[in-house]
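Both complexes below contain subunit A, partnered by subunit B and then by subunit C.
Up next is the complex of A and B:
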């Protein structure tokens, strides 16, 4: 699971959960893979990224990547920053671990890089 | 409605959709590699309108659309963990999650396009099909996000369904020599959805899954013969090429696990759509997700299809 995927996911499908975002990440096994840098893509995707959630994910995983505290317009044109965003969003892969609902603590397992977001019938909203 | 009743379409989908996809051999599943030309066209249009568009393939199966266009960022999801693993094995590090169309774990208003290809017809009630479309619309980006839906049509040249709720066996390509539909082919059918649910309710006194399967199977007493005009060597439709076959429904009982595993006929539940039904469903779903409208609906090789745009 890439962090761009994590950034899209919410657990508000659970009964009683209002926001369910961002999900906490617990990683048991991680990989770093190399992905071709596409400046256009990163620049276009940034407005759709929940930046604080991304920073929380970087923190959860203990990645040695420095993301500035706040996003700005100038930053979005900054090549250094865009390259860091590329790496953080696309190159780190959580292979084994779990996603945790911030409101209920419900755990969603990640196995072979695939988060399992299925719910029991009794859990759905 | 009590909880037990509420879970009945679930049970049907679990047995006749999810369990089947998780049980089929991966070689059988990956036979289906041909991308529909009109789905490709839709994605081409999306990418020409929005560079590096974000796409969700809901019910991505073996992932044939996930990597179709390199200039789109597509995230796949499927209800079947086996299918997700196949996709991940085929395309290393592809973004994919195991999720249910009825409860998509995505943020609202996110995707430039959503694909729903051959998914909604696996849901067993009207309400669930509406909900599935609602979920796809919810995650769509306002101001022009587009959803493409494909559902299997009741109106087909090669076969005749006597009901909209059917169990369709699928077979392995290794036995493709007898895949041809001929006048001895049959279609098996459920009477009516309501009837089915009533029977399941009656069967509720029996607690095990397998006694419930038998109860569903007892409903399959009416078979419809292929129309006599069907040529003995018809041109195979897309779905036929995907190795579906309609033939006499084996009335075998499922007494133990071994029989289930060795049964060559893994039957999948379909609700086949009548002309106009998909549009009606979309309109109902649009009542809750405002600002969505159908911009095109069409028939494509045995499927009813629609493109829905979210404007607000």
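Up next is the complex of A and C:
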């Protein structure tokens, strides 16, 4: 699971959960897989990213990547920043671990790189 | 005609766990090809497939309908289908050009909020066979069991699609005659979508058609 995937997931279908975002991440096994840098692609993705949630994920995983506190229009044109975003969003893969609902603590396993967000019927609102 | 994606990595063992592409899958590919120009004009960037199974459809679209790098989402309730989708995408060498997000979940449940009004192209070969219930245990049964009139899963997918589609986004879905076009039209209208039949085909055992949905 890449961090871009994490950035798109919420647990608010759980009973009693309002936002369910961002999910916390715990990684037992992580990989770094290099992906060809495509400036246009990453620039197109960035407006769709919840930046604070991405920073929280970087922090949860203890990645040694420095993301500025706030995103700005100028930053979105900055090559260094785009390269860091490319690496953080597309190159880190959580192979084994779990996502955790920020409101209920419900755990969602990540196995062979794929998060399992399935719920029991009784858990759904 | 575009060639079918390479599925040579999938074996009989895999098809015991996931749906093996059949006439309905190929009908959807043919319908997409028929709409090639319309889809290319939209320049889809975010593409979503419900129940991606072997990964055939997502891979076909990535290969032939995306001139630049795109962001794909493929979901399935079946973990084997999730892994198969990933493998098929890689087997066809598309993982270097595009970004594929695979999530094991029910329809778009955990993605609806973040992808609301952002998806340019949605694809679905649903469980459309009328059965007593769509709530069945075996994963392989869940690939076809559509519940009453075969539309229990379809109904939820149409509702979710109406929230996911971008303003000009397109949604393509396979259906069975017994699902009843008028019923589908009513479901679409209720959530503000237009629906058109774009291709019909009679197979040995089924009368199938493919519909296109778009925001009104």
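As a working rule, the second predicted complex is superposed on the first by the 125 of 125 C-alpha atoms of A that agree within 3 Å, B and C clash if a C-alpha of one lies under 4 Å from a C-alpha of the other, contacts with A are read in each partner's own complex, and residues count from 1 in each chain.
Definition applied: contacts are C-beta pairs under 8 Å (C-beta built on N, C-alpha and C of every residue); 3 or more make two chains touch, one makes a residue touch a chain.
This one's a predicted model, so the numbers in the text were calculated from it and none came from an experiment.
When the shared chain is aligned, no partner comes close enough to touch A:84: not subunit B, not subunit C. In the superposition on chain A, no contact is made by A:76 with either subunit B or subunit C.
Legend: residue contacts after superposition of the two complexes on their common chain; A:93 is shown touching subunit B, with no touch to subunit C. In the superposition on chain A, A:104 makes contact with neither subunit B nor subunit C. Across the superposed pair, subunit B and subunit C both touch subunit A at residues 2, 4-5, 8-11, 13, 21, 38, 40-41, 44-45, 48, 50, 112-119.
Of all residues in subunit A, those touching subunit B in their complex are 1-2, 4-5, 8-11, 13, 21, 33, 38, 40-41, 44-45, 48, 50, 93, 112-119, 121-122, 124-125. Listed in rising order, the residues of subunit A touching subunit C in the complex are 2, 4-5, 7-13, 21, 35-36, 38, 40-41, 44-45, 48, 50, 90, 111-119. Those residues of subunit B whose C-beta lies close enough to touch subunit A in the complex are 3, 6-7, 10, 51-52, 54, 73, 75, 77, 79, 81, 84-85, 88, 93, 95-100, 102-107, 110. Put simply, subunit C touches subunit A in their complex at residues 45-46, 68-69, 71, 73, 77, 79, 82-83, 86, 96, 99, 101-106, 109-115, 118.
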